[in-house]
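What follows is chain A paired twice: with chain B in the first complex and chain C in the second.
== the complex of A and B ==
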């Protein structure tokens, strides 16, 4: 399964990430989104597409509730407003999808 | 990390469980207020439990941090806190119930994780010593979330973890909520992490983030003369000094 995510981003404001400024962001890469069961969804995205869009598209495709999942890249959560460029993503990089965790309502002894 | 309003409002409800969004939202605020802590995502512990050591954080220099903290979720029911001091190579798991049966398992996970990490990066930290910290324990079933956050803040603020007890939980719960709500409001203004912030008044503020500790600085507050921005990496003075990690 693969999908095209369109690009619809405002350029970052001045107070935003200074590292990303000034270079070309028009190239696109292919990234995989993989869930805990190993199911993968492939996306071709522009380097400056906001992760929010990829997340929304993924939830639509994989029929998941966006509030119940988290996107992780290299063990760190992905903020909705970052982009593959800011995350230094490379072709075929994998985003892992995990379920939200909760606690504080014990029925067992831990 | 942005925390949704609906998530925050649940904090007020007695008996509601506390998700990792709140846990990490608050830990992130704590680490901004008391710098030099690295917060690992709770999902790491699950990975380790499944023998998965893919995430090795090789771009981070653990020894530039005073603390590495990892909230551990057990079966979507309980929270514990792992506390590592990378410079002294000490490790502890704080369990608000005081039970010890799971602790050895997670300590072993940590040691295995660090061995894998040493194989992949230049930072070799393989000799971890278990320590214990005096903590106050939870006396009812639904406050482990608040307890681990109390421990975390106390550790980062260099206060004894036993100051806060069960009776403080409702108050602390409100405090967590206020911190998260307030932080979301003021996040746009931001706070410069340097100790001698010059509070620039220029119309367009320019910020730069350290690639190791993730703290933000005003352009005006840091010396950028030695930094090659085209390298796409910036390390703040503290990280450079403690980690010998010049790009």
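== the complex of A and C ==
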């Protein structure tokens, strides 16, 4: 069922987000992203990587459209500009992926 | 009434046979029924043949497309033919499918062969008849259509209005009809002894229609989007050969007989080029009839019954003036001017006619005047909105130049002045001022830029020492927009003072001082709110908005990315209990688009907070996604589903006992791109489905919803420690709720329904009195309260 994909962020790829060269910058954790069907993708992320980056990487791996998905953690929708540190993430935490939905038709003239 | 047929395609998002989505009978929201008098067996046969051939082809294409996409979101699209023009509705990711040329051609073939008639008899409105644009048969393989369809298409082309006795009159024969080979007669039947038109004859006629570019004497409208003529500025020179010289004579004859009503009706139906020819000829006659205007009128000249006492007390009325009544039937501007000029409303039609003639003759002057004022496309668009002009149906003004936009606006408004009882705007006041040779000072009940200016005659006329008339824009009812004119007269006769050249109507100011959201719908301007003075600019198109109209907090306005036209802009505006609303969501609300689940969740939390502690629990929208047959909830056996459920509850952030102890569970569900509300009432053991579009989903969707909710609650009971609280079966109900009148307001009505339920329980549901636009405006204002 679960499809484990290890992904190592190469050092330096998310350095542009690092605000200071403190001890927390080098610290990284493993988190899982799981979709509705139970497929899991494993990420190793630094504590102050923006969630937008993880989302983009995930969409690349799982071949999904970034505007069609939402990340959930502890019952809350994750904003693109938050970091694992702000969300108090711990190693092996699971992020759930749900699809975004819109309802209602708009007539497009063609 | 438009003729339409729809096609639907969908992935199996509910447990139902796949034939359901592509139902054999094309569904329509207006539900046209075939004539019961028609021979039933014949209809069945035609139905069968129709389904097997064309509809089947379309179905195959849809299936292929869905298989290629492999998307997790259930695709759903509505297509229809509206007067021969193809339209589609649905989520934007379906654009690739709906605008595929192959699909369109297949759909058109299927729609043309539809066994129900194109048009209902007798429901055609005058407006619809005027906006006829011709049947577009491009790309349709005529050879493969059955004879019955050919007959129908030909009827539709030649006699779109379904006139009686049309075919008996040889004068109605279109110019493209191949006269030598085929007699001009109705394709459907023949009166008196002749023979019906044969298949090859019908094909011959239709081919002739195709090669003549679909233009027709009866329907001078453009045939397709690509052929839409753009307005040109060669308005000074009328076309060399006047096409119908008799029209001018006819209008002049009627004008001399003082039958202004028929004159206006004739002018209304003319194309712009013809209108110019006629108006140029009419101009000297109209000027001749103009009477000397008595400028020394005062309140004493009118009986007390004519004075509108309530409006005479309005705060923005000029000092020493009183308002008079004018009939509010769409002609109110011309009634008002007639009262000011003549003392009675007798001259209304004459002034309307004269304003039309003046507007058409001077259109090029006005175009050049406004061209000087509008430097940018943005200003031109603002001008167009302000003048309430619309782009021609089916075209986009995206690639128009400033000149084309202004030219179109002025011409559109000048031509529409001829429509009796149609509302007037600033341009109509301007035309009337030009003809009467007066300054018209406008006042407005509300503070609205551009509506309190002085309008003077066209620059080519004498400008000094003209009399001054006063009219006021007021609201017809106590709430709503300013949509009525009343004349203002001085309380005491004034000595004729030299009228000064007042402030010219300056468009640049208007474009700068207007919030784009308010501009789109004038009545959105919320004058009673104090903090309208904080503004935010779109980072892409540099339009300006009130912060209130965008939901953005004042403090955040400076630093955030705000893009007014992106529906996917993910900049968050406000947060509430773990839900977030983004700029894109608010753009959807403002533009009348479909609503996203995040927005629904956000507003649900808000209503929960303001409901004075209702015994209810809001479940987030994505729980509804488990409704899909391939989700774990439906697939896994009980032993595996329980641990998965525990995980799911952790993710959602709700505990099983909490769900079990709450009296009412509220869940928004989006199925087939339509939002419905689901409420579980513990005590009544009932499951309410709030659907603002009855009959859209069908009983099987309701049943699978019921099954899903029962399964969900069953698993919750297994997760909870207290097994005694095992679920009893729920009985399903669909209470009557207010129905939406379009296809995009389901999310908004869902919120209105849930709010009513939270505030007053099930009894409140039927009492909702709101409409989509009102509710959307209110929701945007609500966001503002939470933004930080």
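For this structure, a couple of remarks:
Everything that follows uses one rule, which is that the second predicted complex is superposed on the first by the 79 of 110 C-alpha atoms of A that agree within 3 Å, B and C clash if a C-alpha of one lies under 4 Å from a C-alpha of the other, contacts with A are read in each partner's own complex, and residues count from 1 in each chain.
Basically, contacts are C-beta pairs under 8 Å (C-beta built on N, C-alpha and C of every residue); 3 or more make two chains touch, one makes a residue touch a chain.
Please read these numbers as outputs of a predicted model, since none were measured by experiment.
Of the two partner chains, chain B and chain C are each touched by A:79. Of the two partner chains, chain B and chain C are each touched by A:67. Of the two partner chains placed by superposition, chain B and chain C are both touched by A:102.
In the superposed model, A:38 lies in contact with chain C only, and not with chain B.
Residues 67, 70, 72, 74-77, 79-80, 98, 100-110 of chain A lie in contact with chain B in one complex and with chain C in the other. By the touch rule above, chain B contacts chain A in their complex via residues 1-2, 4, 15-21, 24, 40-44, 46, 54-57, 59, 73-80, 95, 97, 99, 101-102, 141-146, 188, 190, 204-209, 219, 229, 232-234. Chain A meets chain C in the complex at residues 36-38, 64-65, 67-68, 70, 72-77, 79-80, 94, 96, 98-110.
Interface residues of chain C, counted against chain A in their complex, comprise 71-73, 78, 85-91, 93, 95, 98-99, 104, 225, 393-394, 568, 570, 572, 578-580, 588, 592-598, 620-622, 624-626, 630-632, 644, 647, 650-654, 670, 673-675, 743-747, 750.
On chain A, the positions that touch chain B within their shared complex are 14-19, 67, 70, 72, 74-77, 79-80, 88, 98, 100-110.
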